[in-house]
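Chains: A, B and C, in written order; residue numbering restarts at 1 for each.
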Amino acid sequence: MTQHSMFKIETVAPKIRRVTFTNPPVNVVGADTVVQLLAVVDELSKDEKFQVVVFDSGTPGYFFNHADLGQVPELLALNAADGTPTWVELVTRLTSAPFISIASIRGRTRGGGDEITLAFDLRYASLEEAVFCQPEVAIGIVPGGGSDRLARLLGRDRALEAVLTSEDYNAERAEKYGWVTRAVPDAELDDLVNTVAARIASFDKASVLGAKAQINRSTLPPVADLRASWAEFAESVNWPGFQARVPQLGKAIAEVGLDEIERNLGYYAGLINQQA
Amino acid sequence: MTQHSMFKIETVAPKIRRVTFTNPPVNVVGADTVVQLLAVVDELSKDEKFQVVVFDSGTPGYFFNHADLGQVPELLALNAADGTPTWVELVTRLTSAPFISIASIRGRTRGGGDEITLAFDLRYASLEEAVFCQPEVAIGIVPGGGSDRLARLLGRDRALEAVLTSEDYNAERAEKYGWVTRAVPDAELDDLVNTVAARIASFDKASVLGAKAQINRSTLPPVADLRASWAEFAESVNWPGFQARVPQLGKAIAEVGLDEIERNLGYYAGLINQQA
Amino acid sequence: MTQHSMFKIETVAPKIRRVTFTNPPVNVVGADTVVQLLAVVDELSKDEKFQVVVFDSGTPGYFFNHADLGQVPELLALNAADGTPTWVELVTRLTSAPFISIASIRGRTRGGGDEITLAFDLRYASLEEAVFCQPEVAIGIVPGGGSDRLARLLGRDRALEAVLTSEDYNAERAEKYGWVTRAVPDAELDDLVNTVAARIASFDKASVLGAKAQINRSTLPPVADLRASWAEFAESVNWPGFQARVPQLGKAIAEVGLDEIERNLGYYAGLINQQA
């Protein structure tokens, strides 16, 4: 097993692995994260012994957070030999992976990190700890794929609300909107994840993957849409709206600290726009 | 700004407008309403300063009500030069408009008026005052587009229940079914609408509209379906079932009064069928 | 009216029929059930007097249960002259039938029986008595169409959870996920079903069927998908995973009795996999 600095892969049962994402201080998703996670998915996909992979976080307060704004050029430069953006490859590989991915969500899940989370098969969230947000519009860009998945789960108006307000959503509303599979009290989350993981791991792998393929056939966004959204995101980082908001965000971080901003990004993303 | 007898357009903040629909006594949607509203959408679309438009009602008890049965021929005669029904043009222009529309819903929202409401981007409803209904089937016709949108939001069975029973739905169930974005106590509705409007208005317009376009790509019904539904509606007004029910409805209005009928249309639409 | 040993057809009102499915001891769906139900649908479709059909069960504790594992070869051998699997014909005929079908659900609704139930137009469930499950994956096969419909109603992740865990779902969660139209206290179920049936039966048939066709246009899975899922199911019964689990299930039945197994199939389907 290769070492990936941000991802720890453990075998928790004969057919179950746990992948823990740790990128302190706030678990942002950078170009390096994407490269490592794709390698992890690749490894997991080749190992036929496993059929369930639980994804969790090693950074308290954060699950998969938004993209690292300091690595946007590197993120946009990642492309496969055939021109497919690596990001699109990552999320499509996840949804079609030959294992079942279960997100155990404690903490903030935002932007690109939310898009990765939406590409997992099952999403279980802590009522006390999980927070969901697509912050792109508040900082002057557009999502690179989150719209495509949210629209299919939440319906047009609720997806518009989530994406257009860039607001932080708690797990209770996220469950009501269909953003997560279930939200449960934090004390029950591990039991729920472990029970579902153990159950699916006990079943015949051909059946598990055959059923997943059936549901994928009915629910996945067209890859062309994912590519289009990614291209729109790539273009939007050149817009003046983004160029003007990044320094505002930097100023806010300098004033109140990164930790405070990241804890309440929905609030501060609103604030920098009011001041602009 | 042109004058429209039924629509009052106010500027409530530098980037926010409010459009108030007032067509007493019960806010029916006539051919005149469609012509005026399309002109309003046209004007709002051309004015690049604005990015959020709140739609509300000036007639207590009613939001956008059903089509005016006295103006059906006029409504069906409205077509663009290329043959597109003006109705289809109105609802498609609304969903693709270069601003975010937010419905602030107090009162009855039915039939064609519900179809307009379903074409707005966000729908916030008063738990005490909002009522939703597609009454077409009860009066012997079919919807002219509401089915297409409800089916995508509610799922097959709940859309069938709503459309086939022609029943009045309260805001609590409407929220549960996904017919509205959120239902809140009446006392909190203005705050919710104003907060969401101000937040979206503070963001970069290119981002707001870019994100809306992404979600539209995933969720809008094909225009061909909207045209088909409109043609089916147009045909259905010639059916004997409709011809027989209109006088029954007229008789009921004569007996208990228009106000009572409109307040409880779900009930009376059922009653005239039992008596038929 | 032809006699069908498993289906009793009653006229409960001038335009309403009730079809009661009774196949003791546990209402499994066999090849014989499919042939009879298709004949019933055929008869009901030809009789223009009726416009609502209520489907219920005459076997306490069970609605339409899973496929009869003893009749799988017979089930797979059923094909129309043009090669269409009779199963696909049955569920597509139900969704496009010239009447409105309402499921009155008391008891366990699983697998193939759940797929039939998902092909009905409206689903009303007893909170105390109704249970839902797609048990295929737990016994080493894949669903033959349930995935296609669940995915459209529940969304990708919740459909994956339901199908991949093969767990028993109570009516409260089924309603929350959109698996049923409404779940109500058992004491209120008959009133709800009768009220909705009577209301729809009182309306103009052309309108009722015209509106149903509009919603079908927006929501039905492509027939090609249903055929594909059926072919995948047909292939999966040859998989070693299924061949190994059938005797395990037989052993469990021998040990604790068919009644106990069927009451808690979700639990025992898990148990035989843990022991395997």
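Here are some notes:
Note that a contact is a pair of C-beta atoms (placed from the backbone, for glycine too) under 8 Å apart; a residue touches a chain by one contact, two chains touch by 3 or more.
Please read all numbers here as calculations on a predicted model, not as lab measurements.
Overlaying the C-alpha trace of chain A on that of chain B calls for a turn of 120°, given as a multiple of 5. Interface residue usage between chain B and chain C, two copies of one sequence, is largely distinct: under half of the residue numbers at the contact are used by both copies. Centres computed as Cα averages put chain B at a distance of 35 Å from chain C. Multi-chain contact residues of chain B, defined as those touching 2 or more other chains: 152. Chain B contributes residues 100, 121-123, 152-153, 178, 180-181, 196, 199-200, 202-208, 210-212, 214-220 to its touches with chain A in the complex.
For chain C in complex with chain A, the touching residues are 136-138, 140-143, 147-148, 150-152, 155-161, 163-167, 221, 225, 228-229, 232, 236, 239, 241-242, 245, 270, 273-274, 276.
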